[in-house]
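For reference, chains read A, B, C, D, E, F, G and H in written order, and residue numbers begin at 1 within each chain.
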């Protein structure tokens, strides 16, 4: 896995080329379009998603066949502005071979939209809950779920959100048991944590 | 109104006695039992509630007759530890002549308990929402209500709650419109704000 | 209501077009001129104010006829740099059908200018008090008024204003009863809160 | 589960008695010796551990029979001062039916002590890593393990530890993938999160 | 000058005795009653004020004769809880030979009480403005005065006052020119600063 | 006085033109070159200094004749990077009619350079001490001087200077008596405070 | 080395007894008088200093013979309140076999007292500079010395010292080269760092 | 030594030319390519490294001959993003005549890479440990080394790294003895501190 931010496109392209020689798959996070282009110059079959800003390359697709009734990770997010972080989490989990379900735009201001996904929440093996501003979504979901919930605070907001601090503190103080938290905007980290859980669960 | 904290019982007793000469009702907040006793030494009919830590004196009871179908303030609180602040708000509002409804122990970890009060929430003229830890209750209530919601963060919690800072920031960043916030543990202030709203609403 | 910041003009234009099909009025906050142009490409009768950065569209004007002797909201602001936030509040309240009075440039450094508006302050049904730097205006106004005061701290200032934190803390600690506070620069939120108060007041 | 802090012994005793009527097991966290005594007045078979400050009651012991070759949770802690939090986590997990292994006093200042437990680390299904001061243990363990690691920062330290903030920030910024974090001193929360992971893993 | 806090009564008594041999006057700040008693054991003519917590000793009274029409320092304070800090400032200035006027309990919540002292404010050679909570008094006074204003934030307040931080930030951001600020609760420091101004002003 | 930051050149030019009609002198702080040009379009005799970023206009020069043996303000600064703030202070004081002496580049890392100015320090009627980074200059100067010292922390520094916070806190905690502090980078405010002191000192 | 804080006297006594079996010397920091008594119950020749709160035991005194013209560490401290931290540093260094010189009560408010020690400063092989409040001593000393300076911020102060944060930030931002910093009140850590430097210097 | 940041290329060029007249070597830190070009316009033999952003000039090379078996400083860094700070430290130490060894990309997530350098760590006379994010490298190294370790936190990271604050706090709270810390990103300061240690060590 390559953290592309603060690296030049040339550096990213070079690292991917080198890693592709010894690995069967490579993932880059926080990649600009230019970085993705540099990757594809060497590895034309590499793929890029401008929302999640992930770039990835796989030797073959055989890895990706996930059974449709496998245990799944649910990625939930509060608002459309949280989408890039949510997709970073979801696509990373998919890259790692997890089955992923999505419940987007389910912020607590309109809580009925969250309840439409109740069955999805209660059936998940793990949940990644992505929210900025006051981060309340994570507590509400954890109150409804019986599985571990990884909260991802985002830097969405302004003023007293202090670039995600408000959401971070809220999630750390969740009154619902079973919540653990990763760094602000760290969708990748949440996916890694959930992937390591899922590996041990059969099915 | 007398803020009793940091005053000696003698000082509180003296202030009440002096105010009772020129006013028909006096309220003291954050009063210890000793302070309340000092008040009652001069004004035997004064009343004290050890939960809300309010002490009050009224010349006569005629003020208190609130019509049972008047517009009402709803005071909601997340957990039992938030009760002293919630009761400071509720009893202050009652002292000021408001009709008050209560919905306690409705934290978002068990959101079905909140929904049992849905009608009460949607019928209120104003809501005071009291919560510590992550303070998520306020956003959820404001998403359900059509009236103004005054959030009161409490210092309940530990560690990264930073004595109420987490709840304060969460409420300031509420994604639900119509929320305004008072200082940590300031049940009295919320009641005053709501009282000034209610005075203009007939009924 | 659409929060336009961090959205492309095309996204804003599309959301407005879609909402205008099912609603009789749409409001966008924090809109750039480009976003407003994109809205007007589809909805030519939409209006934009570059100071408040609001863009709005209404199906017809019949909504806007506010009686000249209706209860009114007073929007007060401390300095000219606070004007964008004050106008976001004032115009949002007007969009929502409230009668709005304004008292601008009444910071406490020249307190006589504030007193010229004393009658306006004492006659208001609700006040939105907008101030940056030390945020003292809100406490002074709340001491003069008998109605609820919603404080809006602004990010105006430098150094130890910490982008509005100083004003936010000052307003949360107001020694005048009846003050509640919204997020830094959140003129829209203050207007929503006040609108929900005003709806219940006849007149 | 009962959070006993800030409750009187009588309250704790009463809550336990009431819950024991409808549940087969009850756990109390942050319980004083007095609170535990009050519990045992009603439920003589309840048990108390003064290090973890947990008090618990179970209807029968049949729940506790954990297979010796079941998947296990490893609870690691950096120093002896972190022991109460580590034991809160370990005993809670045991109460919930998890098999628990312990690796204590393995702080990074003497990293050879940590490496003595390498096999234990690499064989765990989940790890709870408890550390105060600079919280470096969690990153080092997560670099060695292939399972999810839940970091529990503790308030152990002084000065610029700011009551656990230094360890909290360190763990949130872990450069090792697979780490998620709970509130300062929240051993219980870590155990709950891990318990919800373990339930889905057969064995 | 002796800062008595964190010193034993014996230490304070000893320091005073030693200083009195080589100086004609000695002042101690933050002195407990026990410390004052220890001073008086050696220097029976020493005086103590339990509000300001100052203890002082002068060889003779000839120093204290201040002309009744000398330029004066005005010490203003917002609430009764700020009184100990205000008196520390006022009595220190008097000890140093300044003529001092007082305007107490003039917080901005009841701004008419402040205006009753308008002449006193406008005639002062320097003003020490003492306030906790939101600290707004200092800005209002500085807007009315033509002399330097030294703001003393106090730790009076709770919650988001953060032990005086809110008042400190407010005063540092004062929109009125001519304000400078000392540390939280530092009445002594304000008096020293003003004393050094006054020495150069004849009269 | 006009605070030009966040105003367009046209606005600044217009305000100057309007003020010049009713006042004999006008000062603008934090002015860009463009703003200064806009002022001079209307008032050709206005002057601008690109270091202090002050722009000023005076009806005639008769005000500026300061006696060479008048009491003087000393402006001291620690490093060359603090110069813009120091010059804002010095030139503002001169604009207001004060005699100003300068001691620049006298940071405590090379304390002998400070001691070369000892006579200047001890003869001053007031001192403005400008320093970033650790802000130690102010304490050292106040230990050497017998007059009031106004500390101006600057945002010079990086990392743990937190944009001037380190210097601000250092100055507020000065162990030398007679120090008061203004906002970070607020050279203008220090000059105003000192000007109001100096007006009362004859000579 | 044993960090005694938060350990019971019995625990401290036991640890010392156990360590004395396998080591020729043992040091305990932050020890209460009771802890020291518990140590001496087993090891009667152990010594305790109530100022530094160190307790130590050595098998024989042969270790302590330091040549009078060896390279020395200078421990400097700003005020008498910083003495416990300074002595923790000095006595720890002595325990470790370093020659130690002391320069106490040399705060920058009276900088001439510091200059009386100029020769001592310039001859040192390493300096430990202990200061609270604004922590300016460290920068001034580092400007005078040619050896490494380890700054120890102390929690001495009140209000905006924020329990040593002001001094910590000041020392981290020192404009004098050659300064490094340890945790607030960590005299022991500074001594350890200096001891590891000194070991390599012959003499 | 010249701190080039915030200076124009012309200023930097001029300062270098002036210093080269009276010194035999000059070093500039945080220099842009433009600044380096301006230096070389006057001093063509000056050298520039774009990674460390150092520019330096030496009259002759005779200074640089360091014995290959001299005591050495080890510069260790956690990740490639920390390289500019690590090289600022390493090249500054080399400029000052120290022998420097490097161990890069040895972050604790892959602790085996660190152990490959164990001999280098244990043989060093001093270590500069550079790390961002959670800064754990410094504690681990200090646990392995017997020499002083100077920690340099870097601003590498995002979200709750708060621009290096997390790493700074972690290093200040290191549980390994012998660690002292410099400002965030201050590679130069660490090198100066180590240089002053090394000067006294023969060899």
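To be clear about the criterion, a residue touches a chain if its C-beta (ideal position, glycine included) is under 8 Å from a C-beta of that chain, and two chains touch if they have at least 3 such contacts.
Being a predicted model, the structure only gives us computed values, none of them experimental.
S.K.: Just grab the chain with the largest centre-to-centre distance to chain C, centres being mean Cα coordinates.
M.R.: With centres defined by C-alpha atoms, farthest from chain C sits G.
S.K.: Could you work out which pair in D-H, G-H or A-C copies the interface of F-G, where over half of the contact pairs coincide by residue number?
M.R.: Overlap exceeds half of the contact pairs only for D-H.
S.K.: Express in whole angstrom the distance between the two chain centres, defined as the mean CA positions of chain F and chain H.
M.R.: Distance between chain centres, rounded to whole Å: 36 Å.
S.K.: Quick check: how many Å separate the C-alpha centres of chain A and chain E?
M.R.: A distance of 57 Å separates the two centres.
S.K.: What are the residues of chain G that contact at least two other chains?
M.R.: Touching at least two other chains: 159-161, 165, 168, 172-173, 177, 183.
S.K.: By the touch definition up top, name every chain pair that qualifies.
M.R.: Inter-chain contacts occur between A-B, A-C, A-D, A-H, B-C, B-D, B-E, C-E, C-F, D-G, D-H, E-F, E-G, F-G, F-H, G-H.
S.K.: Which stretch or stretches of chain G touch chain D in the complex?
M.R.: It is residues 5-6, 153, 155, 163-165, 168, 183-186 of chain G that touch chain D.
S.K.: Give every residue of chain E touching chain F within the complex, in rising order.
M.R.: Result: residues 1, 71, 125-126, 146-148, 150, 168, 172-173, 177-183, 188-190, 192-197, 200-202 of chain E touch chain F.
S.K.: Give the list of chain H residues in touch with chain D in this complex.
M.R.: Those residues of chain H that touch chain D are 78-79, 107-111, 133-136, 139-140, 142-144, 157, 159-162, 165-167, 169-177.
S.K.: Mind listing the chain C positions that touch chain F in their complex?
M.R.: 81, 156, 158-161
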